[in-house]
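Can you read through this structure? Questions will come right after.
The chains carry the letters A, B, C and D, assigned in the order they are written, with residues numbered from 1 in each.
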């Protein structure tokens, strides 16, 4: 897979291509629509590339399997949709606490519960942030087209390895199932972040939770030359449990800060016509396709409208949103939920910003026509 | 248990007393500290009162058991702490979707993951709101003292039955384990809401999801005279699955609106010295004990300080907060997390309100001294 | 028909009852849905009451017939829907110019053109104002329920006689076809304005267009004791044509001022909960039924919402709207068109008023749910 | 008629020249002053050019005839004045609904009703917008001199064909009857838009109301190779009637959007000395001749005054007005009616713009002296 190739694929396949490009070598999962194609494709592709594929007995086991495999030095992935994502929350919290690099794809469908299978939604955005118990930080990326699905999948692995963190790839059913062109770049075209392994030699004390000066925590393949403790409890630099308030507070801040203090590095987004935009749309995932269509369409008519397409949802790029939208007369967040990002945008912009939600949440992709109708309503002009 | 009695109990026992008073007749659970005493006490008390107690094989099974029992007409309870609460999220979403009355106690400890067992935290507040996938609404109550734990437990059952919804009782380790006096009122002193059963007779078509004029959905004990469908999928008034966009949107709005449109009815809180307060503390749970201490202490010194103690966390009582705090020069939210309620208060008050967070999250109860130090810092007077 | 009676009727029948109560004695029309029941009922009722009923060959002839009959001293009515209303515009302008008292009912259906027969719309509001050529003023009333249809029909006749003007009764399909209770008051309960006839005797010069001190123009039954000229041309006090600029300007101002200077007397509207309303809905016709439902519903939840229901559309009650809504944070005009009244409200309120349009125009009655969805969108909270 | 020629003509003749240049090949009409010369001239010129001329029995028949002829593939025109324009409103709505290209000239005289024949007025501006029932959009152009009458007539045909819409040419008696020089350009100097005919072949399903990607609807000459339905009812892409709410809303929005979304393309106007103007006059038609005179006159004196002459009245060029007049200290709308465009300008500019109306409506052309008197009054300097 070293030469640049162009394919006509589903978004789920673009995700698979990205994962393989990034060096994926272990996948565990349990099928659930609309993410199943990721699993199906990897069942064939991953072994053929020398990786390991395993279908587990359930969603929880899948999450636990990737955590274990990651600890042994593998780049790991699991894929699911909402119900499976809920089941994985407890183990996901373990990965946060034990700082295990892993990538979890949630191809969103309508919820709550079994919900609206194989119909699009973006209702798990806040769950990606708050689904597991206890204060923590998380990284969640998304994409609106297959080239970006590919790029964000590679980036998800890079971030997971850089920050020793689970990274959630929040796709949605439309992006997952839609087919469009994908160009897989030649090997090396996108830099890959490899596991930072400790330089501590065998027999020398290895501190799995002692950060280097740059904040990164070198790892040692579990089961390899070093013996060390890994726990979901608050722990010290050796990985041993501690309820010492200073240790507890230090670790919780470390878990938060390693993500939030790097929000500017993690903030991926695209802008369209923002320079003089009086109305700014903010959108992401498949909704951003419609938002982009509206933007180009109204621009052609001379309207001062622009689009900020978020690719990083968490940590929420508050500063970037404030910078890009500060001059807008109104900001309209286009998403397919009750306003998860809208709430964050509103908080980021503060007054006198006028922030509106243009949403749809009935399992149908929000269309340019929907967005235009919302814009009309917001402008006081009715449907 | 008809006469008024006074006891010296743990908060967990106050919760048990409240549940029994409310008419609990089924409990399923799996032990986890700091909630275990609820289970232990009910193992003895519930069968003695004619109810059923069952220890399940895990947290998920416990949640499923209470859902099933509720459908058959029982008032049901389960109790857990953070890790168990994460595991229950998927089934909790089913209860939301299928509109199953049930009460889930989460006696919070430090997280994420295994975290800081048997040390206090309030880090699961946002998870209570967003832990399960898909857009939905939820009710979450809390309390800072045993009399209120009792009252809020009764209220949790009343709300669950009134709105056919899971209700989360978000206690914390300090409240759960602390001992203080509890007066259990005589039977009848607190009105109880009983299951609204359908008046539709056997052999007549029963619509399990057809609301009455007042919005309530009469239930029929599952396994009884009516056969009907219950599903986690979006569904119509017969309970049969539907992906019709109108049905999906209608149900998601119903699930949201039945809670959020009744926010004023669900909003429980206490106020102390708010009438002329220039500084308003907002707090809840065990943190509110310290906040109340500070308030009374500084009032005695003539400072214009007041306290709004929240007992309903979700739906967030935005209007009530705005009304009670609108006149304050500054609002200080006292909680033991990264600012879950603080974010909501900030959004509710809007500018020019100055909203500060006075928090602690190292497993130690935030003290009056901590809060006073925060107040000095906020005032520019250093610690 | 002297005793008070209660009936269960369609809105079209309420209109008929009102017309008969007001003293209708001539009807000419051509059937068009959804107004046809007015004609059908009058075919039987009017002759039975001593009046004349005639079905004409078309809409234009019907308008001309009522104009002629009115000149002879009759209280006249015609009824139609949009396409017929368009056809009547030229003759309607004659009635404006020649100052002929008459009442024209337009039971609105969807337009333009043949449009959407027997489905509701409110798309003819601006046409009622501007449908005939040349500057002029007009009176247009509407109603949302059958008691008000009755009352506004009586008022239409009273206004027509008082001001010698056509009065348009702009009903809509839902109001016209819906059945609800109507109480017809006993004779005399509502004061009736009778034709002001000249006291000038036979043989004495009668000036048909010479106003009295109070601005009213006494009439003489055409074909009776006085001979005089009636024309659609600009004319002097004798009714003779004139292109003298002073006469032209004087007449155009007279035609405008007799209506617009009495806007406060002509302004009929109802208010609900406006005293402390932060959100004011403005609506009319069947849309106001939904708006009222929303108002009462949200009030019950504690929201500061109110409703101003317009019964007079033209002359637009700008001062009344400004007075009643001046304190509102936002005004939402609920109507089933592209915003005919919304535009007037916006102009009446001026900045910093925030005026929004909550509309629907697909032939389906705007529902409380629609309005609530609009309110959510306007508030930035999405659907 | 291929060489450039210069003539000394009435405005009505300039209109005829424009229509012939644009490729007119069918005219139907009924004579009414002050538009009659258009008909008289075409009775001779059109047959000589290979076109068809027909005098119909009345105004309604004329409008219907041009609609029918247009459907068979002809470029069509009718001409009238106010009373005839009122009579045509019903059929005009059919042309709007069925999307029939046609041009209707209204050479305005004083109204309402028979009004003030052969005296100037601009009182039909709002009727052009709202004269037919039901929500719709319309294009209305005007001109103040013969060269522009010619150009706007050609443009009217181009717009009618491009957007499949009736286009109203709102001239007035002064422009229609005044004589001045007209240069008819050589053939080809002004690009013409020809009927877009479908490329669908005989025997293949033709969808008369299915837009291409660019929004245009290819036509098939009625009576030719395709059979299809044309109706004034709301209809689907085959032209068959539908009361499906989605179809109704979709069509009404299509009818609105094809015009209003192209407002910037349709916006024709001229500017004079606007760059530093503190006082901006806005005018159109013959009134603009006086406004231009005042502008040049006061400029010569050093006053910072400018003129925006509107040629497109509907869709009202709100953005263009806002852009051109945004810097003005005061805007004075010069027109011969009660302020039809003034109301639109006021809405377009919003505060703190100070918008004044300088009008006259007695059948006499507003003069430079009239306008200057208005300007003094506005400045507080008396007449």
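Throughout what follows, a contact is a pair of C-beta atoms (placed from the backbone, for glycine too) under 8 Å apart; a residue touches a chain by one contact, two chains touch by 3 or more.
Predicted, not measured: the structure shown is a model, and the values here were computed from it.
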Far-end chain from subunit D, centres as C-alpha averages = B
How many Å are there between the centre of subunit C and the centre of subunit D, using C-alpha atoms for each centre?
-> 30
Centre to centre, by mean C-alpha position, how many angstrom separate subunit A and subunit D?
-> 55
Separation of subunit B from subunit D, taking each centre as the mean of its C-alpha atoms, in whole Å | 65
How many angstrom between the C-alpha centroids of subunit C and subunit A?
-> 59
Of all the residues in subunit C, which ones touch at least 2 other chains?
-> 338, 346, 361, 383
Arrangement of touching chains [line / ring / star / complete / other] = other
Residue ranges of subunit C touching subunit D (in the complex, touch as defined) = 82-83, 85-87, 89-90, 93-94, 96-98, 106, 108, 110-117, 119, 121, 123-124, 126-127, 129-136, 231-234, 243, 245-246, 248-249, 252, 255-256, 337-338, 343, 346-347, 350-351, 361-364
Residues of subunit B defined as touching subunit C within the complex = 249, 253, 261-264, 319
Give every residue of subunit C touching subunit A within the complex, in rising order.
-> 338-339, 342, 346, 354-361, 374, 377-378, 380-383
Spell out the part of subunit A that touches subunit D in their complex, as residue ranges.
-> 301-302, 383
